[in-house]
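Dropping the structures in below, format is structure tokens.
Both of the next two complexes hold chain A, though its partner changes from chain B to chain C.
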Partner chain A sequence: MRRLTEPARQYFSQYGILVWIVVVGLVFSLLSRRFLDLHNLLNIVTQSSIIGILSVGMTLVIITGGGGIDLSVGSIVGISSVTMAMLIIPPSYFRDTASMLSLSVTTMTLVKAVGVALLVGTACGAVNGLFISRVGLPPFIATLGMMITARGVAAYVSAGMPTYGMPKPIVFLGQGRIGGIPLPILIMLVLGVIGYFVLTRTVFGASVIAIGGNRETAKLSGIRVKRILLIVYALNGLLAAVAGIVLTGYGNQAHPEAGALSELYAIGAVVVGGTSLMGGKGGIIGSLLGAILMAEVQNGINILNIPVAYMQPALGTLIVLAVMLDQWQKRRVVSE
Partner chain B sequence: MANPAHQLGRFTGVIRGAAAAASRALGIWLWVIVFAVVFSLISSHFMSILNLSNVTRQASIFALMATGMTFVIISGGIDLSVGSIISLTSAVFGVMWKMTNNLALSIVAGMMVGLLSGTTIGLLVGFLEIPPFIATFGMMGVGAGLAFAVTPSSISGFPAGFEFLGNGHLFGVPFPVIIAIMAGVIFHFLLRRTRLGVHILATGGSESSALLAGINVRARKLTVYVINGVFASLAGIILCARIRSSYPGIGKDLELDVIAMAVIGGASLVGGSGSVIGALGGALFLTMIQNLFNLIGLYPFMQKVITGGLIVVAVMANQSRRRRRSQAASDVIRASTE
Partner chain C sequence: MSELKKRVLTGAVVAFAALLLLPLAYAGGANESAKKTSKPKVAVVVKTLTGDVFQLKMAEAARDRAIELGADATIYQAGGQTAVQKLVSILEDLIVQKVDIIVVSPLDSKAVVPAFAEAKKAGIVIVCMDQTAEGNDFVSFISTDNYKAAALGAEYAKKALNGKGNVLVVEGAPGSSVGDQRRDGFKETVVKGSDIKIVGSQSGFWQNDKALEAAQNMLQANPDVDLIFSCSDVMVGGILEAIKMAGKEGTIKVISFDGSKFGVNLILDGKIIADVAQFPVKIGKTAAETGIGVWNKSIKVESLARFIDVGTTLITPENAKSLVDSAF
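Then we have the complex of A and B:
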């Protein structure tokens, strides 16, 4: 019997968050008949996809250790969103935001806009990476500076105003479906799978984990620590830009304040998913599940018509509880 | 022989030495002085008595928060919940006043918010070993939500005497400034001259060594979060007095500013070092910058860009100073062993 239950227990101690998703789901489906509905379940995963996309890069950043964290991703979401929108609008339409609905956009403009948005995100991430790897700033401070700066530039680029009505292809990225599955979910899954393989099956991934485990040892064994750090933060900026573009399509608007606070939720998803803030260990699957768990709670609270004021307390309590249980379980595994 | 080039070299050497010594002794306060001089050249209003009393009043409220945060950061932790604690303090204080019209009771109720939330975080971090980022992120959500659950609206109509706490003057000095300086001096000595302070520094420096040295690491962690919570609530009450009303969203987004102030003041995010006097300087530094931006009417987006840049530069300057000092220390050690 022991031999049979042992793999399951190990699995749960690794992905204990799955248990949480099921338990929370059971509670909500007992409380409301509308919860356990295929449409609603798809909704939950769609809602989790922005934080999910962000959490893929954030997992890598946190695994590099040494206080590795990126507070700027929310602002990068905002800056890439408005950069793209401003490149799509012809200057003559500037600030006449509603008129975009009737605009016909050439493919070339669209490619340019998306390309520049991705480039801006990557550049922000690379600047973070340079300050952290070359100047030796604590990641918290370097990315806090970027968080404030990028938000300011986003307000400047957009003149502080939201832009409504995106071209069809962008809206398709956020609202479209392929084979019945919403596109944001597919994008999150594809990026998650790529991230998983990069982290677990490539030399680069092994280097990231080694840096987080022990930076000195990694350096001595020939890993180019500075370069890896730069790449990790640049990648995180790129992923934040992707999230920004998907979010723009999902809401059919570009907003200079888009993505505010999402950095903290992304970090929350990563940690709830079992990645240690000390660095050196963690996984992307857990982070995606963490994002889904948070979206599930938000969705349940909406369905149950609980006042919005209790949404944040519920999420906060849940995150702390999940981490607490996770640690308790790990300690039990270790003591055995 | 007096060689002009040699003399010039000596002269610049003296200047450089003096600058290094000043920067060592003053830390962020050197930059506060330099920027104050520059700012008074940029805007003639900056050095007016009215503006200075305004800036220091504003800065002193932040200084209280940054002092508490410094203790948390020194212990190797971080607190994302201060903004929410301030909001909840403000809301509880306002509702209590509306219900009882008893000022003392309302202030006590407001202070209890910081005490209780600080204790909760301290227990989570110290005794249940939840990472500080997560415990305080959770508390951030709980505090921000509960504040609006307690009262969604702003409350005013406090007695005139209460306003003194935020807007009054004592011997011409704004009252919050006096509170901040007193708190700063007391907690500076607590950190540098008492056993508790040394234990907190040791806990952040190396937790395992502190444990081996017989320090009750868990209790020390609890202590720093309680200190921080109480400071946050105190700042929240003074903030209410300053604007003569309570508002459940008053502390929104303050936490990162406060952390930046503590770090600019010399607190190291890996724990083990930091300074209360520096935190006061960090609070004054950021407030001064915001004030100048408002005086010269800089666009909000440019304010953000420059603030973000200055935080990075200030910490960079701090770090290179620390590196030079540790370099000098290792030179001394090498020289003495040779």
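Then we have the complex of A and C:
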């Protein structure tokens, strides 16, 4: 009997989130005819994309264990958003973008703006990585400092003002479709697939998992822990910058406060997806599913017009339940 | 005890006693000088200065007016649209720093109550602006009457819809008294004496992308919508994007709140039909004047109005051109 249920339980513990998504989806579909249609399902996945992109990098960060976490991704979203915008708008527009701009910019300007924004995000991540791996700061503290600093620089760079109206290519990244599929979903999927392969099929990925499992053993077996930590946090910064650019196109607005609180939702998605906060195990697919589940809950609440007072407690409870389930499963595995 | 030891001991006791008494003399002098000084310390506290021109203009107006009136004034910000905890810690720090006047826009009407009570006990004059708090520990609340102002928007909506249609509301962040008043003012007025139905009312959290998602999901649930009311200009950009993405551009009327330059320009571009204007500069100035007036006793607290309504204007295509330059 046990040989039959064991693989089933393994499957469930990895993809139990999928079951939750289906169950929640069924409940919402029964309560509203407007929930289960292709357009809405695409909306849900699109709405999960920003957190989904963030959760790919966050999964790697959390798997490295030793308190691995990145609280600065939300602020990196913000700083990359306004960095890109400031490099797009003509100097005369600085401090004065209080109307819907429809700028046509040269490809060179766009490439420069996006490139610098991505660079800034990577640099923020690298600084995190250096403080964590070389200086030995706890990840919580290092990334908390970056969270505050990056937000401050974003406010300064943008004079505290949003930029309304992005160039068409940027808006396309957030609102366009290829083959009927919204771009944010495609970007999330591509990054997710790459992340999955890196984590499960490359030496780098195996090293990340080893570092999370037992840092001492990993070091003794020749893994360059410091270098890998630096790369993981730098990559996380890069992914946050990508999320920032997509978000800016999606809302057609660059904002110094963009991404506020999104680090918490990204961590929530990773945890709900089954990755352990202790490190050493987890999966990208679970994190993406976690992001989708959270977007699904928000979507259902909006569609059913449930008072917002219930929304955040619902999401919070979801995250707590997921962690509890994860801990309970671990204890059962250990006791066998 | 030898003679020397006795003298040393006596000397030490006298010196010690003098040391104890010295602060008394100094404190007495300090108290006197404190009463004579006319430079109050004013702290202006808002939720954020970033990406929220309303808060920025209001805070700057309060600070500048306080300085004009001879005070030392500094602006503090909590750093976010929902940074309630940070705002409360700022208040607690200000109490320790012994400021004289706090002019504040409390993020959450309940969370600041304990800090207000402590501040009042410490003799600090508290003036609320833009948003109010619960309790009686502040001397006055200066703002737009958000309920009445939103009602103005609702009357215009009724006219624009000829008294019937389906309406969506995008609310502010939960727990925001300002947001709740605007929502209630609009919702309760728009259904009075009309055939208008409110088919959806969800929170946009005062954020562009969250408002986009809320509007998008509500439009999914209600394919037949005639008008959307946004509780703030900071959210209306995202709402317009949601309408565009749903392919409904031009078929849904939008009314917003705040009267910022962005909102007025949207009216001039024909993207929204009305914007209920606030006057953050007037609010900030009046708040600073009230705070300093109560502090230097030139305003009697008993005769001070509990709520000072700074007024509102409805900006529409008819008057937008003349109001765009004065918009904040």
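FYI, the second predicted complex is superposed on the first by the 312 of 336 C-alpha atoms of A that agree within 3 Å, B and C clash if a C-alpha of one lies under 4 Å from a C-alpha of the other, contacts with A are read in each partner's own complex, and residues count from 1 in each chain.
To be clear about the criterion, a contact is a pair of C-beta atoms (placed from the backbone, for glycine too) under 8 Å apart; a residue touches a chain by one contact, two chains touch by 3 or more.
All of these numbers come straight from a predicted model, not from anything done at the bench.
Undergrad: Once both complexes are superposed via chain A, do chain B and chain C end up clashing or fitting?
TA: clash
Undergrad: Taking the superposition on A as described, I'd like to know which of chain B and chain C A:R34 touches: first, second, both or neither.
TA: Touch status of A:R34: second partner only.
Undergrad: After superposition on the shared chain, which partner residues are touched by A:V271: those of chain B (first), chain C (second), both, or neither?
TA: After superposing on A, A:V271 lies in contact with chain B but is clear of chain C.
Undergrad: Who does A:R151 touch here: chain B (first), chain C (second), both, or neither?
TA: Both: A:R151 reaches chain B and chain C.
Undergrad: Is A:Y164 in contact with chain B, with chain C, with both, or with neither (first, second, both, neither)?
TA: second
Undergrad: Quick check on the superposed pair: does A:L71 touch chain B, chain C, both, or neither? Answer first, second, both or neither.
TA: first
Undergrad: By the touch definition at the top of the document, which applies to A:F197: first (chain B), second (chain C), both, or neither?
TA: A:F197 contacts neither chain B nor chain C.
Undergrad: Identify the partner contact of A:Q298: answer first if only chain B is touched, second if only chain C is, both if each is, neither if none is.
TA: In the superposition, A:Q298 touches chain C alone.
Undergrad: After superposition on the shared chain, which partner residues are touched by A:L315: those of chain B (first), chain C (second), both, or neither?
TA: A:L315: touches chain B, not chain C.
Undergrad: Once the two complexes are overlaid on A, one stretch of chain B runs into chain C. Is it 23-31, 113-121 or 239-247?
TA: Clashing stretch of chain B against chain C: 239-247.
Undergrad: Between chain B and chain C, which residues of chain A are contacted by each of them?
TA: 151, 155, 160, 309, 311-312
Undergrad: Where on chain C does chain A make contact in their complex?
TA: Touching chain A: residues 48-51, 53, 56, 79-82, 171, 174, 199-203, 207-209, 212-214, 216-218, 220-223, 234, 237-238, 241, 244-245, 260-262, 265-266, 269, 271 of chain C.
Undergrad: Can you check the complex and tell me which residues of chain A touch chain C?
TA: Checking each residue of chain A against chain C gives 32, 34, 37, 39-40, 43, 47, 50, 98-100, 151, 154-155, 158, 160-162, 164, 175, 247, 250-253, 255-258, 260-261, 298-299, 301-305, 308-309, 311-312.
Undergrad: For chain A, which residues are in contact with chain B within the complex?
TA: 67, 69, 71, 131, 135-138, 140-142, 144-153, 155-156, 160, 264, 267-268, 271, 277, 307, 309-317, 319-320, 323-324, 327
Undergrad: Give the list of chain B residues in touch with chain A in this complex.
TA: Residues 78, 80, 124, 128-131, 133-135, 137-142, 144-146, 148-149, 152, 256, 259-260, 263, 268-270, 299-305, 307-309, 311-312, 315-316, 319 of chain B touch chain A in their complex.
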